[in-house]
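Going by the order they are written in, the chains are A, B, C and D; count residues from 1 in each one.
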Amino acid sequence: MNLALSDEQEFLREAATGALARVKTVEAAREALEDPSKLPDLWTLVKDAGWNGLLIDEDHGGAGLGAFDAMLVLEECGKVLAPTPLLGLLPATAILNAAGDESLAAVASGELRPAYVPARPSSDSHAEWTVDPVGGFARGAAPVIAADGSVTGTVAWVPDAPGADLLVVVGVDESGAPAATVVEASAASVEAVTRFDATRSLGHVTLDGSAGRRLDVGEGDLTAAWYLAHALIASESLGTVQTTLTMSVEYAKERFTFGRAIGSYQSVKHELTEVLRQMENARSLQFYAGWAGADKPEEFALAASAFRNAAGHALDFATRSNINVHGGIGATWEHDAPLYFRRAQLSRRLLGGTHDAADRVASELLLAAAAA
Amino acid sequence: MDLNDTPEQAAFRQQVRSWLQEHKDQAPPSSGDSQDTAYIDSRRAWQRQLAEANLAGVTWPSEFGGGGKGPIEQVIVNQEIAAAGVPGILDVIGIGMLGPCLIAHGTQEQQSRHLGPMLHGDEVWCQLFSEPAAGSDLAAVQTRAKLNDDGSWSLTGQKVWTTNAQFSTFGLILARTDADVPKHKGMTMFIVPMEAEGVTIRGLRQITGEAEFNEVFFDDLNIPGDAVVGGVGNGWGTALTVLMFERLTIGLGSEGFGYRSDRFAKALSVDTAACADPEIRQRLANLSTELLAVRFTGYRTLTALAGGQIPGPESGLAKVTTVNAAIAAGELLADVLGPDALDESSEWFHMISFLPGLKSAGGTEAILRNTIGERVLGLPPEPRLDKGIPFSELRAKEKEAVA
Amino acid sequence: MNLALSDEQEFLREAATGALARVKTVEAAREALEDPSKLPDLWTLVKDAGWNGLLIDEDHGGAGLGAFDAMLVLEECGKVLAPTPLLGLLPATAILNAAGDESLAAVASGELRPAYVPARPSSDSHAEWTVDPVGGFARGAAPVIAADGSVTGTVAWVPDAPGADLLVVVGVDESGAPAATVVEASAASVEAVTRFDATRSLGHVTLDGSAGRRLDVGEGDLTAAWYLAHALIASESLGTVQTTLTMSVEYAKERFTFGRAIGSYQSVKHELTEVLRQMENARSLQFYAGWAGADKPEEFALAASAFRNAAGHALDFATRSNINVHGGIGATWEHDAPLYFRRAQLSRRLLGGTHDAADRVASELLLAAAAA
Amino acid sequence: MDLNDTPEQAAFRQQVRSWLQEHKDQAPPSSGDSQDTAYIDSRRAWQRQLAEANLAGVTWPSEFGGGGKGPIEQVIVNQEIAAAGVPGILDVIGIGMLGPCLIAHGTQEQQSRHLGPMLHGDEVWCQLFSEPAAGSDLAAVQTRAKLNDDGSWSLTGQKVWTTNAQFSTFGLILARTDADVPKHKGMTMFIVPMEAEGVTIRGLRQITGEAEFNEVFFDDLNIPGDAVVGGVGNGWGTALTVLMFERLTIGLGSEGFGYRSDRFAKALSVDTAACADPEIRQRLANLSTELLAVRFTGYRTLTALAGGQIPGPESGLAKVTTVNAAIAAGELLADVLGPDALDESSEWFHMISFLPGLKSAGGTEAILRNTIGERVLGLPPEPRLDKGIPFSELRAKEKEAVA
């Protein structure tokens, strides 16, 4: 029984820290709010690090690593708000890899960048596969994929869709069964949208009988991709939480009020201890998701959903608490704290939302209980 | 128990209403760009009209040009102005807090020179208390006023979170005049000219992107000896008067910054999926319950005011409740409406972006809860490490602690 | 604009405090956990104070007072956990009074004690009138009342039903429209039940074609009775919150740890300030409910539901926090703190539960928004 | 990263499992009345069997009769015992915390006299640290041990929250031997006979109605000089060792007191109305997320232990998480099941009734968060008013402050 990282994983993490440290990503996150062109293009950095091939088998030119390794990379990206296209890319590569698709070599080499166009698996409370709508609380219908791979439907708020070469679209076939197809970006319409957090590239994807290559994948692969995306956004959130906790603790030691460092007051001390508690819980669930992803696939849905739920709540709490600890100055444009708050506000509403991840935890537990 | 007007109040309300009916088309829009001089001038002009109709400074004694009325009448005016959909006075801070302070502590010269132009919007005022290192701990102000041989003062330092500074003529500033006595003792209140040489005003942008506050820098500004308000060394006492009137103004203000449960319910009611979701409903219900409570807490405060009582620190709890309920509302609305609720064009963008800062505006929640726990519940105070220590030593201690 | 109590109301409150002070109700609340016979019978006290006739018109022998006056009495009962039958009695008298029923004189004189057998009004989310089930989350069907006044159905957890002479049963007629009938207790089966809080007399009421006298009341009267019951249990809760806050504050001043009174620590100070905040909010909503009950009937449902929601949450929070402040000793059998905790645990689940009161707040707000 | 056994661990697990298969029918029921001597005796006998099979004191050095194994093996034993549905050792406190303390600080005589009978369940031990006025602030103990001329000690005072006192043969007690030095300095640890004259044990009933703890009164009990453990005046250091082993035992314990999400889900899954309610689902999900996290926090702690690290104060966060999640579970279950969930016959009665007390057991959440904030996050400490002051003066100060 051992949850320690392997040497390779430690190295992967350090390499990521080092590579990302060479770009002023946090500064860019603020500047891009007013001038999107200020956002650095990290695609070359991603390719040089080989992250695009992380989940692709070695015999297809990838690194053949696992979900947990991908989580470690996303965590480092989250620490510095790095605008990498990995959240959209990695689940796409996982599906292509499962299908042994012809595009794998080009994807592993970085010639082609795919993006995952997600669909939400059915659950005990929702019989259909669904997608995120542009707005409103009702779920959207999943795209319909024909036998020839052509696909029709609309999926909103797709991470990293703008600029992608390939869209790996998850939807349902005529019989309503989950299916996937890979579409040339040129065959689809992708409306680029950014909201509140300039570092997050999103797209509204509209497919209108768009030609595609039907992928030979099973329901399990498509379900796994959804939860992989959850584990990745959760890891990214976990990284951001770590950064804000460090910021808050430093400030709480230096800022004085009524003759004492504010960190000596229980109100501040206990709030930061609560951030630590939530962060450590999310960290523990990251191990759960990593372990289940590798050794216990039947628990991956529960583990990844619980991880996202915990990390999402931790991110909401930590970013607000970071502003509180800093006082008024922490809510000004020039301060970094609001950038992490912006990240939290948007992340919370992507990929079904933290709220849906929680519902999945209930779904998995209730199904297991009924089965037992 | 009765929320209806007395005959006298009803008559006053009718009179206010008819005046507003007559003049409302001369009113500027309720909101505009606070950087736009033309808009601000239109608001000045409108305040002047209100003042001439005795609808500004309603509770000011009539000898100073006010309405000479009570808090209920002030609320009636606020309610009717809101109902008429026109803006109220421009200089809420001057008329609500600083003018009353001059009436309480100012010299006759200060009163006759300043109160008229303040009331009529010719001269807007700002409050210069907070500093980067003196927020919740207001008595830690470092802005220094040095007495010159000719009896004038030289003012140097930085203030922050200053509303309306960009179009104010005067400001009331809390400055340290003696650093060798304990921090509450060595302060003095002054009237400062905001358009003078040596005063630099810089807008302070919030998460919203708007400069809703200012930073104000004083570089060796010379101010006359007769600019002192309330006596040299009595700055803290004078400041407390202002803060008391601030609570009073908030107590009389209409409920929570326009964060009203019916607005939130309206936005959700169009989404049938959300309306059918028990969890969404619980969240709407819980935050609305808090906001409804704040409305009636306001009526309770008003009952106390009308009974001649001054609102105590517990009235700060209404602010805590309002801010946290509105934060919950922002989360709920964005969860239901999706990322578009976060777009700058969204009705909710400003609320969601502004609230994190509002949470610590006017003192952090922690300090407020300390004050209420000690003054209202009578719980013992925290150990204070800054009591009785000369301010200069205190600063030295902090510096070494961090080093 | 004036929310001050009238002199009569101040007197009513003081009289209640004085009358209840003559009985060791809190001590009895503990003893009755092991020996129910230790519970004092407060019926005579109630009659002497004239509370049974509080809501009955003067020309029927009552005091002709209003909902707010009744709330003030229940608040005093809540302060000392007094086991009066008022929660079940008062809404019953309100219905009988609205119907001008022949039993009014006997009820006003205290000869007969009625109990309210409640039904929950329909809402935007539930089209039918329903009742509390014995167990489970699904709502029970309201009793069916025939034209001749006879009634059939089961209603669980009815406050103060055991020992009542008359049962004022709210249900639906054959057409599903709300109706009420008054049944002799002897014509119904009332199973007495107590759970966790020995001061709360509850009954499972089973009606099997039980003969009754159909009451001439409108839907408004029956809806008002439901919300009156909410305003009353909320007032009772508010009283209990006040008692626990006083206990906690006293202890926090006297108990020392690490050389300081525990009340000087922010963790304790802020927790107690939070109890105060919630208590004051509930107090404000009590005024709202009192005002709406008298002058704004169309807002009574919203006001009473919001009041119960606020007071219910305040009671949960205050009773737990009272135990926390007292530390381990506050969770021992001989201490009073657990008695208030017991009260909170049970009250939270009666009359539809705090949870349903909150749903009503949403219901009223959404209906109003849709109408606007 | 791997949660599976190594070949050696698998072999050990197999060996434990087969022993348990052979002997499980000789085991008493896992739960029984702790006031019932017959039941307790059956648990003693079972512990003896476990000890002879090296399944008690797994991590004790073999020279003291222990298994001489590591923490992982201890967990494997715990897991297999749980899986076999048989009770574990009776004297968790003795074997988990007090025995290891004697091994660390006891004299050779104390070790050879006590460890064997403790291990075999012939003599159960209890921990006598907490007092009515010394809970979170353990160093405030007032139980007094006076040195007699013959070198023996006279012990007088009251202890509280003592588990197993009613059937313990010995106790390890923290007593004040010098009140004229600062509080952490004047304490000493002793071994006390629990069945002697001058020891009164009184059950302390909880909300559940059961006496899950005891109060223990010492009235001038005479104890020999060689009953001192770890040296006179070193009581605090000795106590810290016990507390460290307490954290370790908790770290190795199976997850949170049996408060498991699958149990709660099972109870809800039969109520279709509840399962269809999004708000109920969110509540189940949020508390379950916390409990799942605690399970893997346990594995992380174990990884650290296996790597030779001692669990730090942060491990206390798992207790906070577990207790609060279980409280949320109790609220949820009773909301769904209704008042019958509160009946003494209910599966949930004990959890709902016991948790309010458990919240402050082993130190309040506030003190725990202080410790973690200071020791883990490195935040500055609270001002301490009791530092360096002789204990006797400290008590006087408190008395006058309250008066």
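Observations
We adopt the following convention: a residue touches a chain if its C-beta (ideal position, glycine included) is under 8 Å from a C-beta of that chain, and two chains touch if they have at least 3 such contacts.
Chain by chain, the UniProt names read as follows: A, C = Acyl-CoA dehydrogenase FadE27; B, D = Acyl-CoA dehydrogenase FadE17.
Please read these numbers as outputs of a predicted model, since none were measured by experiment.
Each chain gets a centre from the mean of its Cα atoms; the one farthest from the centre of chain D (Acyl-CoA dehydrogenase FadE17) is B.
A comparison of the A-B and B-C interfaces places the larger number of contacting C-beta pairs at B-C.
Chain C (Acyl-CoA dehydrogenase FadE27) has its Cα centroid 49 Å from the Cα centroid of chain A (Acyl-CoA dehydrogenase FadE27). Inter-chain spacing, taken between the CA centroids of chain C (Acyl-CoA dehydrogenase FadE27) and chain D (Acyl-CoA dehydrogenase FadE17), is 42 Å.
Contact with two or more other chains is made by residues 277-278, 280-282, 366, 369, 382-383, 385 of chain B (Acyl-CoA dehydrogenase FadE17).
The set of chain C (Acyl-CoA dehydrogenase FadE27) residues touching two or more other chains comprises 253, 260-261, 265-268, 270, 355. Interface residues of chain D (Acyl-CoA dehydrogenase FadE17) facing chain A (Acyl-CoA dehydrogenase FadE27) in the complex, by the touch rule stated above, are 1-5, 9, 72, 75, 261-262, 265-266, 268-269, 275-276, 278, 281-282, 284-286, 288-290, 292-297, 299-300, 302-303, 306-307, 314, 317, 320-321, 366, 369-370, 372-374, 376-383.
Listing the residues of chain C (Acyl-CoA dehydrogenase FadE27) that touch chain A (Acyl-CoA dehydrogenase FadE27) in their complex gives 265-267, 270. By the touch criterion stated above, chain A (Acyl-CoA dehydrogenase FadE27) contacts chain D (Acyl-CoA dehydrogenase FadE17) in their complex at residues 1-6, 9, 68, 124-125, 249, 252-253, 260-261, 263-264, 266, 268-270, 272-274, 276-277, 280-285, 287-288, 290-291, 294-295, 302-303, 306, 309-310, 313, 355, 358-363, 365-366, 368-370, 372. For chain A (Acyl-CoA dehydrogenase FadE27) in complex with chain B (Acyl-CoA dehydrogenase FadE17), the touching residues are 33, 132-138, 156-157, 193, 195-196, 202, 253-254, 256-261, 265, 267-268, 316, 320, 323-324, 327-334, 338, 341-342, 345-346, 348-350, 353, 355.
Residues 130, 132-133, 135-137, 140, 160-161, 204-207, 209, 271-274, 277, 280, 327, 331, 334-340, 342-343, 352, 356-357, 359-361, 364-367, 369, 382, 384-386, 389, 394, 397-398, 401-402 of chain B (Acyl-CoA dehydrogenase FadE17) are the ones that touch chain A (Acyl-CoA dehydrogenase FadE27) when the two sit in their complex.
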